[in-house]
């Protein structure tokens, strides 16, 4: 039985034994900036998967992969044990965000519970900040849940603009740092400026560079552009098919009332 | 009182005493391919109804049948005890799928619970794969939740196309094999290619033929086309009336705010 | 605290002591046919209010009446103790039906619970059957949850048309007789043919006449047309204002995101 | 973990020790009339914050304030201890109303619980009454949950118009006085006439003047127009950005299905 929000630990926190880990969130969102960065970290770092999250708030479907193998939509948390120069990490990535308003809150509750179970001391959520036009030289805007974070972030190159983004920060990237505030966990959202119209590896690169400074971490950024290209191609392909799908689904809905 | 998802056993699993049954799902969907096949099996095999499922996730209405007799919308599970040459079957058919996103998950949970209660060892979900144009020679595309199923399915004539359907498999046909995966039950989705625009007995025939091979089962396919014609006629008729209904319902909604 | 479905007994069933009562449902719906008839019965019969039903599934607002006095939207059940020539009655009337799909099921559950608490032996739900054009001579179409009801209803002038209404019976009028079926309570839906475009006292009169025959009850029908005229006027007035309201509400929604 | 409706007491009622307090509600709504008045009272009176309310029914996002500091959307209750000439007050203000229908009921339940915990004896909810055209000389329309309130309100300049607003009172301003009625707490809604198209300080002034008479309270109204101007500017700015945001969010939704 799948619960509304179904957190499944593959490893217990005490088994993984992270020391004051920093949580990184990069779920799908504007320009897929956050997802690009977090997926990249999972790929290039020596990580181990520790949690899978399933939910009734994800789209009611399965994903078909190579050879026709399917899997349930899910989010995942990976643990990274550092060599001591950078902090240990807990990286949250995944297929979807909630497709309902209330689901966003229920999922954010789950992410915070996981953070607390692993003893997380700081959280960085990653995202894009859409400006509605092409961005030649992306930079990173920050939002924080504690004043003490402003100076360190500025030193790492993060810009702060009064009351920006004015529309608030929607979804997991926002709610996680909001709930973290209520739980007394320092957290910031790092947003790469981007057009908002396409997958943006340049913006992701800007965010990754800031993040590396903040974490005192060095990873290759070679693949990032490669990954973005693939993502872009996949999205184009999927969109095309989704339009067909939507058409069929509509016709299915028409038929849905048949008996 | 009707529960959100209300599973009513007409016969207990131990009464029916199926041996390692295979579950077949054929609910309304694209081209009604799955429904055509599963309804057909229920009609031509010597089955007994074992479960009825009612739900708040079905449309809030009753169905009117011959002579003005009504009944609640429901899904049903039928048991087929084979003569030993083919496996015992548990066939899931019904009026509707969920009309809400979350409802799809709650209903799929129920279907899996029933499968487990009856000791199901394998599941085939049936559906259509809409391609957006007329299909002269339909064939069957497969998606599986276990690599071990690929070869046997290929032998029965099922095609596998990398990452197809790219938009995922929506609704019960997808979630059932997804949840089965989490429960360790082998399951596959068999999708007949179809336009997606109309009830498609030809596509259903293609799926039924594959299914018969997989189950080592022989049933007449005479009625299939007959049934599709009736379904098509009924759908046309119902659509016409539903448009009128929708119009009235809208006017009812307008009035709904009256006091 | 108001529960999702909040049933408040003003009198206990044993206080009212109805003998095998017949339940009549007439909530807002197509042509307001059912509401007209049930409201009329409450007015002309010597009834006592026994239950009030509040719900989160009604619109989130209060109703303003004469002199600026407000009240919560609600449904009500009235008891009628007959002189013995006709059966005792339990009459369900009210302001609204559910505004969500799931709410329809939760409210229908509540109505059935009340019916059972009062020992109801038969239920008539009332409604309109919209035909999409003006109806000069309305008649009454029936739908039943038990074959045994067909003959008595035919004798009272009810028509039965195979599989009509083909789109099913939506909302309380349908779900009540559907749930009653599962509870073993005989129930029928009586639908007066109507255009579906306006409040229809003529159709209501046709339904009331059939109902009087079925109940061996005689009530004045004078007020019915009068009441329909008032209702029509009120609806026109309210619609006008609702359009303004909707406009404001939209603008409120725009503002809703302001902080 | 944030509950669906999460009431957090900063001070216990017995600590604050209000004497028969009057509750004032002024949440976002038509013309922001109620919000303007209640926010103003919180600013000019010597108040202390006693409750914070978070909810899954608010938009799933955080608000970004000066210097990039974020906070969760919330409603707040402030206590005002008077010098004895006017009653003690409990003032409900906040960022949002519910964005779902059911949420309105759940939040209104919460507000009533708080009122009862603090021993509230009377409630005034504040709002705008949109008339769809510019209003030169706004006045205040009243709606009450008890006849005994009509005369005192009339004396304070409140108008009562039969059955107005005909569309009912939507949201917190309506449900609070409706639920108060069921709890036996006297309550009235004071609505300043306004166009419904913009933030309206003139209408707010009219409401504030009536409220001061009712409470025998004197506060400066200087800032009110100032505050309205700021609000108007902020709204314009936010709307502009929200349109961009909506655009991005849509594109995010498109991407949301990417994996």
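Chains here go by letter, A, B, C and D, matching the order in which they are written, and residues are numbered from 1 within each.
Here is the rule we use: a contact is a pair of C-beta atoms (placed from the backbone, for glycine too) under 8 Å apart; a residue touches a chain by one contact, two chains touch by 3 or more.
Since we're looking at a predicted model, the values are computed, not measured.
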item: For chain C placed onto chain D, the superposition rotation in degrees, Cα atoms, nearest 5; value: 90
item: Farthest chain (mean CA position) relative to chain A; value: C
item: Equivalent interface positions on chain B and chain C, same or different at half; value: different
item: Chain centre separation in whole Å, for chain C relative to chain B (CA means); value: 35
item: Whole-Å gap separating chain A and chain C, where each centre is the average of the chain's CA atoms; value: 50
item: For chain B, residues contacting two or more additional chains; value: 59, 63, 73, 99, 167, 238, 242, 257
item: Contact footprint of chain D on chain A as seen in their complex; value: 28-30, 32, 59, 63, 73, 95-99, 101-102, 104-106, 108-109, 112-113, 128, 130-132, 141-145, 147, 150, 160-171, 174-175, 177-179, 181-182, 189, 196-197, 199, 231, 234-235, 238-239, 242
item: Complex contacts: residues of chain D adjacent to chain A; value: 1-2, 4, 54, 56-57, 59-72, 99-100, 237-238, 241-242, 244-245, 247-249, 251-252, 254-259
